[in-house]
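Structures are listed in the sections that come next.
Here subunit A shows up in two complexes: once beside subunit B, once beside subunit C.
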Partner chain A sequence: MPMPSRGRSKSIETANARLAEMLVLPTWVMLIVVFALPIIGAFYLSFRNETLGAFVAAKFIGFDNYVLAFADPRFWESIWVTLILIVLALVVQIPLGIGLAVLLHRNLAGTQIFRTVLIIPMLLTPVAVGLMWRFMFDADLGVINWAFEQININGPNWLGWRWPAIMAVTIVDSWQSIPFVMLITLAGLAGLPKGPPEAASIDGARASQIFFYITLPSLLPVVLVIAMIRIIDCLKMFDLIFILTGKGGPGTATQTLGMLTYNTGFIFFQISRAAALGVLMIALVAPIYVMWRRATEYAR
Partner chain B sequence: MKTKTRKQLANALSYLGLLLASFIALFPVYWTVSTSIKQRDDTFVFPPKFFNFVPTMKNYDAIFATRGFWQTCINTVVITLASTLLCVFIATLAAYALARSPRFRGRGSLEVGLVLIRAVPAIVIMVPLFQIISQLGLYDNHLMLIIMYAAVNLPFAVWLMISFVEQIPIALEQSAAVDGANRWQILVHVVLPLILPGMAATTIFVALLAWNEFLIPVMLAGNSAKTLPVFIAGFISTRNLDWGPMAAASALAIIPITILTVVAQRALVSGLSSGAIKG
Partner chain C sequence: MPFAKKLFSAAAILLASTTLSWADELNVFLSPSPSSTAIQSFIPAFEKATGHKVNVTEVPYGEMHQKLMLAVQLKQGQYDVAQFDNSFLTPFGAAGTMLPLDDKIAASKEYDISDFSKGQQDYGKYKGQTLGLTLSTEPFIQWYRTDIYDALGLKPATTWDEYKANAKAVKESGKGDGAIFGFGPNVSWWWMTMVWSFGGKLYDENYNPTVNTPEAVAGTQFLKDMLAYAPEGAISASSDDATIKFLSTDIGAMVQYSGYWGMLSDPANQKHAGKIGTAPMPKGAVDVTHLAGWNIGIPSDAKNPDVAWQFMEFVLGKSNAKNYLNAGAAAIGRKSIITDPELVAKYPYLPVLDIPEGTRIERYPQIRVWPEFEKAALDALAGIMNGSVEVKAGLDALQETEKPILAQENAK
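Right after this comes the complex of A and B.
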């Protein structure tokens, strides 16, 4: 058999490229129809004054929707709420998730059962669990305040006040997201070389020293990626707030930017203003997206 | 001896931590299921009843008798299955191309596009989509929902499938090529059988995401294509204090997932660990 010439291997490569282009065609169609066109549509809408069910024809109004958004205290409040929820999520979920991963990584008898049980929350329907937590947080009948009563603490009216409501959102979000942090950290732990901690142990280092000076620093790339994903998912958080606090209540205490966008467009029917908020949300996501790319590259 | 007691203490504390975490993970599930089989009087008591109640199926009867419930179930199953198959099929094709062809036109922008779409909150595209879909007369349309579901889960499915394709040794495909098989024959006879387990795992995931999807149906579906999460959410406005039937509806959504998690936990864990990092 003759060796394939350079020209032939080149032609094989172009043939492969042709095949690849064909294989990704349906994905392109989906991305363009469901994402690219609507995003262009969002920009277009944001420069008009469309409302749902209006009788007056909409027209081009320039940047008015953006000016209105920046002048609206509810907009700044929603950014504030979004940021608080992100910070609380990171502060609570990353240490607890890493902690659980470390416990599972010790591989004690029964670890597999614990792991199965612990991932259940992240897979459950957010709407259903949101509803049940709402019942559990109930000020009068809720099992959570009952538990507080047993240790002589008067539980707050969780969903009736600003900070308790924010706490409640963080608690339920953490309940669903800590398993995610745990699983990814666990995969990260499994990929670490065994040598350095063993050597340190022989040299007489304590377990806590090994963890803080060897394991944790080498986990850092993984933790960065987890943090980025959690930030992105907190920005996207919708179902939980929709159900748990009734679309951002009490009042506007848990109204995130995403929830404000929804309420503006579909409760108050200001579709163009909602589109402008959506565009601002993309602006908020953009720097996080860049950081995320950096973090994933760093993790490789 | 000292290190031995130390180790035992560490083990005991580990078990304590894991048990506490497991209790917290499972309690809301137990509370949902137990509330769903309580009489109304046992639900509205303080202190709450944990075990000492007489079970009843009344709440489930109420749910089953709710107008539109069975239609909702059929919708949820049909939309979940159809969108999952569509999504996994498209994702497998794309993942094979991305994993095996280092250079083709549009590769870079495709990768960026997939990541970007994972990052942009869906509510952003929902505002214009609602306008477009209403004007096209596709509001509350099953096929439209199936395509939307498949699209939002596509980035995750593609990344997951890439990690599965990369696990297949490329030598198998090369030797088939040397034996004279063309690209399609290689794809169907060599690659497909090897990535079937990966496709199965991806199918489970995407099906879970589709089953749980709320934003798309709450905005783009009315009564005829309503799905289970929207049905559950509907309880909040209509009968605010009827926790029993609400718990029954929630239990119907989460019990299948809990069973699936226990049955398919191995595939779920490996898939989550490899695909979730990027997706």
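Right after this comes the complex of A and C.
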């Protein structure tokens, strides 16, 4: 059988590369239309004074929208709220998710049923979840404060005060997200070699020592990826807050940057100011994206 | 003739016959609401009577004004009839995006504008021109539990002092909570009512905020004081939440838009059916009626304005007024409707829609920066209501926050 010549082989490679490019082209076009163009559009809008409700000719106003954002205490407060929600989410969800995953990984009796039940919250839509929890958190009619009353504890007015409202958002977000943390960790646990823990066990290491010195360090890349995904999820958290606390209430207590951007654009009709906030949000998310890329590379 | 050709010809004939059977197409923009449902119930009859096809686009309240704003700015004649919130009258009026309806109204015996009180005739007016017909008449009114009031010998309040005294009496009697407002995400509705009622204003004629005047402080203080007689969760209650609490627990009274009466038709809200009375909103230093409700009009770029008017006249005219109410809509305050004994027996709140001459009618502030103004007020009021800031200090801070917002009102 004659070997293909070097020239022919190169032309086949070139043809394959072109075919691959052609096949990827629709995806690129879609990405440009769906992501790149809106971002460029938002960037352009952020330097103008477009307002939907003014009916006056818009003009170029330079960095005014950015100056306005930096001078607005609501902007800084929304970043602060976003950070608080991220920290609380990580502190609550990662340990609990890992703990549940470790328990389920032991394949105790009833594990399958427990695993299925735990995944249910993840499958529900945030709007339905928000409505359900909003009613449950109601200080007069809600089941949560009723349960507190049964044990002679006066439950807080969850949605009427700043910190209880933040806690309420964290509770509901955790209820929905812990199953996700648990599932990814379970996958990570399944992929770990069994040798090192067994060897440590033979050497007399306790279960807690095996977990903290062998299992957890081995899971670190997975945990990093989970943390990055949860940070990104918290940054874009919108529907839950929209429903649960009535667009970021009480007052601005749970108004995240995403919520502020929505309010500015779609409630105040200040399209250009909202675009500037959107651009600032991209600037905030970009370093997290870089960290996420590094975490995934580290995980490999 | 090949099969495909036959099929194509048949489809073309069918399409042509369908298209030709309608004289004109009418595109109606509505928001899901009892009024919208009632309007849509008239469409088959209208289509049969006139031969015009009616297409409905329903957009949820949270998005409808953005969509409508965009549509009217594009001027492509997307809609022939549009439902809108009264607070959008000013931006629409300023931009000339809605057709003045005065000539059509004056010429219409069927619509019969004389069947409305003076205040209601002006409800859809911007600078003297009527841009929208009244789609619902929803003043703030007093709701009270007749069983609790009768047991304690109380009468519906005529002043805010009496209202507070009634609330105190109910609370102290142990029969329930005294009264409720929506102190949460919609507290601005009650707040502005109190500011007006206590003799204040939100801003002056030059668009300078006036939210920290003694009158505004007194009104806000009254609102906050009423928290003491409300259920514990009222501080975070939206307007809907407050109504549900009133209808499902024991609360003496509530001030709420009359349009919420429709919630009583929900079986879940009939715990106190037959024990709910209505009365006009109590008076403060000034006799104010806080009037709200939907409008409906014809966008200036409408393709079929005459058919649009024909449709509005058909649905909202005098002939169908009873049917419109019975179709589940929030009532329109026609004199012939609110005095009709049969309807009053069925909807006992109707007489309260008779807004007396002499009362000062206040509508949602007619400024285009209202959403931003309102949000700033809501943020400040959240702190005032939960006690993290004193009333005067909170309003002083709000005064400063509102200045740059209102300054945009004068911007060209």
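Keep in mind that, in the parts below, the second predicted complex is superposed on the first by the 299 of 300 C-alpha atoms of A that agree within 3 Å, B and C clash if a C-alpha of one lies under 4 Å from a C-alpha of the other, contacts with A are read in each partner's own complex, and residues count from 1 in each chain.
What we mean here is this: a residue touches a chain if its C-beta (ideal position, glycine included) is under 8 Å from a C-beta of that chain, and two chains touch if they have at least 3 such contacts.
These figures come from a predicted structure and were not determined experimentally.
Q: Considering only touches as defined above, state whether A:157 meets subunit B (first), subunit C (second), both or neither.
A: The answer is second: A:157 touches subunit C but not subunit B.
Q: Let me test your reading of the model: by the given contact rule, A:34 touches which partner, first (subunit B), second (subunit C), both or neither?
A: After superposition on chain A, A:34 lies in contact with subunit B alone.
Q: Between subunit B (first) and subunit C (second), which does A:140 come into contact with in this model arrangement: first, second, both, or neither?
A: Both partners, subunit B and subunit C.
Q: May I ask you to decide whether A:127 touches subunit B, subunit C, both, or neither, giving the answer as first, second, both or neither?
A: The first partner, subunit B, only.
Q: Tell me the contact category for A:184 with respect to subunit B and subunit C: first, second, both or neither.
A: A:184 sits against subunit B, while subunit C stays out of touch.
Q: More residues of subunit A are touched by which chain, subunit B or subunit C?
A: B
Q: Should A:24 be classified as contacting the first partner (subunit B), the second (subunit C), both, or neither?
A: First partner only.
Q: Looking at the overlay, what does A:289 touch: subunit B (first), subunit C (second), both, or neither?
A: first
Q: Contact-wise, after the overlay, does A:266 reach subunit B, subunit C, both or neither (first, second, both, neither)?
A: both
Q: A:249 contacts which: subunit B (first), subunit C (second), both, neither?
A: Once the two structures are laid over each other on A, A:249 reaches subunit C alone.
Q: If I apply the document's touch criterion, which positions on subunit A are contacted by subunit B in one structure and by subunit C in the other?
A: After superposing on chain A, subunit A residues 140-141, 246, 266 contact both subunit B and subunit C.
Q: Can you check the complex and tell me which residues of subunit A touch subunit B?
A: For this pair, the touching residues of subunit A are 13, 15-21, 23-24, 26-28, 30-31, 33-39, 41-42, 44-45, 50, 99-100, 103-104, 106, 108, 112, 114-121, 123-129, 131-133, 135-136, 140-141, 143, 146, 175, 179-180, 183-184, 186-187, 207, 222, 225, 229, 232, 235-236, 238-239, 242-243, 246, 258, 261-262, 265-266, 271, 274-275, 278-279, 281-282, 285, 288-289, 292-293, 296, 299.
Q: What does subunit C use to touch subunit A in their complex?
A: Interface residues on the subunit C side: 62-63, 66, 69-70, 73, 91, 94-95, 97, 183-185, 231-236, 238, 241, 244-245, 248-249, 368-369, 371-372, 375, 378-383, 386, 388, 408, 411-412.
Q: Going by the contact rule at the top, pick out the subunit B residues touching subunit A in the complex.
A: 10-11, 14-15, 17-18, 21-22, 24-26, 28-29, 31-32, 35, 43-48, 90-91, 93-94, 96-98, 100-101, 103-107, 110, 113-132, 147-148, 150-152, 154, 158, 183, 208, 211-212, 214-215, 218-219, 228-230, 232-233, 235-236, 243, 246-247, 249-251, 253-254, 257-258, 260-262, 265, 268-269, 272-274, 276-278
Q: Name, in rising order, each residue of subunit A that touches subunit C in their complex.
A: Residue positions touching the partner: 52-56, 74, 138-142, 157-162, 246-247, 249-253, 263, 266-270.
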